[in-house]
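Chain nomenclature is as follows: A, B and C, assigned in order of appearance, with residue numbering initiated at 1 for each chain independently.
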Amino acid sequence: MESRLARILIKGGTAFTLAFLYVPLGIVLLYAFSESVGQAWPIDGYTTKWFGIAWRSQDVREALSHSLTVASFATIMALLLGSAAAFAVHRFSFFGRNSVSFMLVLPIALPGIVTAIALNSTINVLGIPFGILTIVIGHATFCIVVVYNNVVARLRRTPTSLVEASMDLGADGWQTFRYVTFPAIRTAIVAGALLAFALSFDEIVVTNFTAGSTLTIPKFIYNNLRLPRNRPVVNVVAIAVLILMLIPVYIAQRLAGSGGETAEARTQAEP
Amino acid sequence: MAVTADHGDAGAGRRASAFLFRHPRAKLSLSLGGPLAWFLVIYIGSLAVLFVTAFWYLDVFTSEIVHGFTLTNFRTLWENDVYRAITLRTVGIAAAVTVTDVILSFPLAYFAARLATPRMRNALLIAVVLPLWANYLVRVFAWKIILTPSGFLNWLVEMTGAGSLQLGRSNWSVWIAFVYLWLPFTLLPIYGAFERIPSSFLEASGDLGARGWTTFRNVVFPLILPGVVAGSIFAFSLTLGDYITPELVGNTQFIGNVIFDNVGVAGNIPFAAAYAMVPVAIMAVYLLLAKRAGAFEAL
Amino acid sequence: MRSARKWLVLVSVLAVVAAACGDDGDGGGAGGTGGGGIEPPVTFSEIGEGEGALELIAWHGYTEDGTTEGYEDYDWVTPFEAESGCDVNVTYADTSDEMVTLMRQGGGSVYDGVSASGDASNRLIAGGDVGAVDPAVFPEFANVIAPLDPEGGTNNAHYVVDGNVYGTPYMYGPNFLMYNTEVVSPAPTSWADTFEADSPYAGSVTAYDSPIFIADAAMYLMATNPDLGITDPYELDQTQFDAAVDLLKQQAELIGSYWALYTDEIDGFVDGSMNIGTAWPVNFSYAELDAPVDAVEPSEGMTGWADTWMISANAPHPNCMLQWMDWTMQADVQAEVGVFYGAAGSNVNSCAAIGEFLVDAYGEGSDEFVSTLRYSNCGDADFLNSLYLWKTPQVDCGDDRGAVCIDYSEWTQAWTEIRG
């Protein structure tokens, strides 16, 4: 259906975009093996010593543990509250529904620094000590949004006739949820959870203002990128995280992708 | 029929679900109560406090923040040209970044949605999402290294004998870095939009005699517009408020830098809050327009 | 039910706002009164048992722990940790602005202390963020270089206010003129090439990206435009301030790029995009490894900084902080910092220690370098007195002009204009 020329352009564009995305990461990978700490190109010598140094660094371990903790808690909160909000907005028509769905876009739509100084002021005013809790609060605000978006989008693609049919067949609310609704949105939830986890793991702006002195991976990187001698360790940490995350991302994408296909097939089947 | 509902078990779970079914408002309160409370107290409350702070002012004699109502901050922002210049610069770069990201997204999104096999589609989507895991700061620094005069890009250009390209710290570098950072965010909604176009539409358009470009302009584009706008929200707003990337690879001031600078020794939180209202207002307008374009359904 | 929800929304929002309004002095932490007659929120007069941890805010290079690649021998943190049992955790900052923001987080209960420069220290003192100390607790005060001595010192206004001592003096140094010896010839003796419109190095000049740099312009005007009557580059009335700002707007045309991240200046000199400009000793130490640079003291003078370790009024680990303050006053510790960083220690005995180190490393006679610019003329009280040390510009000029000077918040706004 697409013309020959169009296909060539599309394939070429795709290749270019992929190269654009991955060449810089490849360069980071190369610098992680660079012998010297300088950043001139081409690289002089190669070594694996930075990996050992990163592995032994206490700061790296501390930062990793904090980041994992924060991201896990923030994702769990986001899952519970984000899905609940998605259901409410999708199923019910109530006063302020538009405002609520608008409000739920704000944390991602508003600039990070606005959220950051707003939360910082509030935390100071309320006298909450800075630490893991305040970071989780900050992260959960935009993680909720991500989960909400994913679940709501999937709910919109799930025909409500299924729920009605389930009820007609005698299932109560809980059974309907367990056997009909949940399987349909399960993959959206996973995709949302994964994206929320990624956002929390990577966040620096809001974290800078809500973490106090607690070290997270982004804060570790922020501190060490400014120390010319420590940059290679940062490159190593970045590449290591990237490779580690390949597996969960792959799994999540398989789940999200397959769920999406079924929903689409259903949509197309409808007259 | 394999599955039969267990009518005999009128346990608490069933009674509860029956209650909820008959009282939809209770269900609504329960499911919405949590998120709403969370958002209200923490997020909207914080924003409200920030908003109020913008109308306070810093007393230079006592270096205390006075809780009195005044418009001095806004007057300074209005009368002083530099803030307008910085705002325009930031909005300009944000727009440029958004447009670039959308254009870069199209080929891959279309390919993944319509031309790729399911396996390739999965691989492509993973490939797009994976860089998000490489940490924002590292990705910005990667470009910093690439763009310095002694870096990869200049080396490449000089090798081809086309002179030299010393971007270093400049607005060009900021533009490239932002395009790189937000590309995955823009791409996913656009991919979703392409995916949702029923093939029957495209076939029908072809049957009615439209060639590729006409089909794209008249059929595809209006259908994907909500997705495009949805993707653009991320690229635009994330650029609008960012201060770290301009600090690392730029040498001019953006809105975020000015806000950040006023929070330190100057302690001028009211002024920082007042200026923070500018990107908020811009995004409010943007979101309103995006809603009209149906972007919220396409997120 | 509908209006109930509406009211719920309204009431919740108002509750949070009311809480914020009711609390005097919010995230800015500006609780104390500016100007004279400040009472310290707390005075520490004895050092007790350590709490096992220490959270510091510091300039890069002030807290080496042997993990810097290539400089593993420089470590004055690990020995401290071993001796005191306090596990040290450092957050780095690039500007005094960042330091103040960090220090004020959580009402001062997040970090124990900060290596504050004069522009931050006054603000922290006025804001009630830091506590005073009883000098008798720190025996090394007896060896502090005369200008910084709490008793009778001539250059201690950044940490001694109303007779109260708000910290322990650490390192001091100048913002000297660094230049690329291959590009800039003959060797400069003045700041002129970084300020004047006809500078032959336009496009590769650099300057420190912070509002406090306005003082450098004012200092230049002291020599080139005496009619303005500037006596203190940090206390400027409107006319003097406007002149300095105009000079900086003129300089902006010459600037290739400013540096706030100290690594940006090092990288700039190494890759050739910067050839002349104001620099810190630590930038010089790193840059000369990879680039042909040298530093010079220009005839118009230099601004500088004297850093003080200050303890938070609400420090979570006050005893560890006090032990750290005592540790960093020791001559051998300051000598190690001095060799690494290039700054001078406020403990006069540290200079001799630096000399010994240099002789060990580079042979007889190299201890002469201690009294050169490279090590901030260690031990030279006159040199220290000649530096215009960073301090917070305040409305009260501190002289008979009264309260007509420009406050730092306006310096910040002016700097935004200059940067454009």
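Following the convention adopted for this analysis, a contact is a pair of C-beta atoms (placed from the backbone, for glycine too) under 8 Å apart; a residue touches a chain by one contact, two chains touch by 3 or more.
These figures come from a predicted structure and were not determined experimentally.
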Outermost chain relative to chain B, judged by CA means, is C
Larger contact count among A-B and B-C belongs to A-B
Cα centre of chain A to Cα centre of chain C, whole Å, reads 38
Chain-centre distance (mean CA atoms) for chain A and chain B, in whole Å, is 13
Distance in whole angstrom between the CA centres of chain B and chain C is 37
So chain A residues touching two or more other chains come to 39, 117, 121-122, 125
In chain C, the residues touching two or more other chains are 9, 16, 20, 26-27, 29, 261, 267
Listed in rising order, chain B residues that touch 2 or more other chains are 44-46, 49, 53, 148, 150, 263, 269
Listed in rising order, chain B residues that touch chain A in their complex are 3-5, 7, 13-14, 16-18, 20-21, 24, 27-28, 30-32, 34-36, 38-39, 42-47, 49-50, 53, 104-108, 110-112, 115, 118, 121-122, 124-139, 141-143, 145-146, 148, 150-152, 155, 180, 183-184, 192, 195-196, 198, 202-203, 206, 211-212, 233-234, 237-238, 240-244, 255-256, 259-260, 263, 269, 272-273, 276, 279-280, 283, 286-287, 291, 296-299
Chain B partner, complex, touching residues on chain A are 1-3, 6-7, 9-14, 16-18, 20-22, 24-25, 27-28, 31, 39-42, 80-82, 84-85, 87-89, 91-92, 94, 100-115, 117-119, 121-122, 125, 137, 140-141, 144, 148-149, 152-153, 156, 169-175, 179, 195, 198, 201-202, 204-205, 217-218, 221-222, 225, 231, 234-235, 238-239, 241-242, 245-246, 249-250, 253-254, 257, 260-261, 264, 267-268
The residues of chain C that touch chain B in their complex are 1, 9, 12-13, 15-17, 20-21, 24-31, 33-35, 95-101, 119-120, 123, 126-127, 211, 257-258, 260-261, 264, 267, 271-273, 392, 394-395, 403, 407-413, 415-417, 419-420
Chain A partner, complex, touching residues on chain C are 2, 5-6, 9, 16, 19-20, 23, 26-27, 29, 55, 60, 67-71, 89, 91-92, 94, 105-107, 109-111, 261-263, 266-267, 270, 286, 290
Touching chain C in the complex, chain B uses residues 25, 37, 40-41, 44-46, 48-49, 52-53, 58, 60-65, 67, 76, 80, 82-83, 85-86, 148-150, 166, 168-169, 247-248, 251-253, 258, 261-269, 271
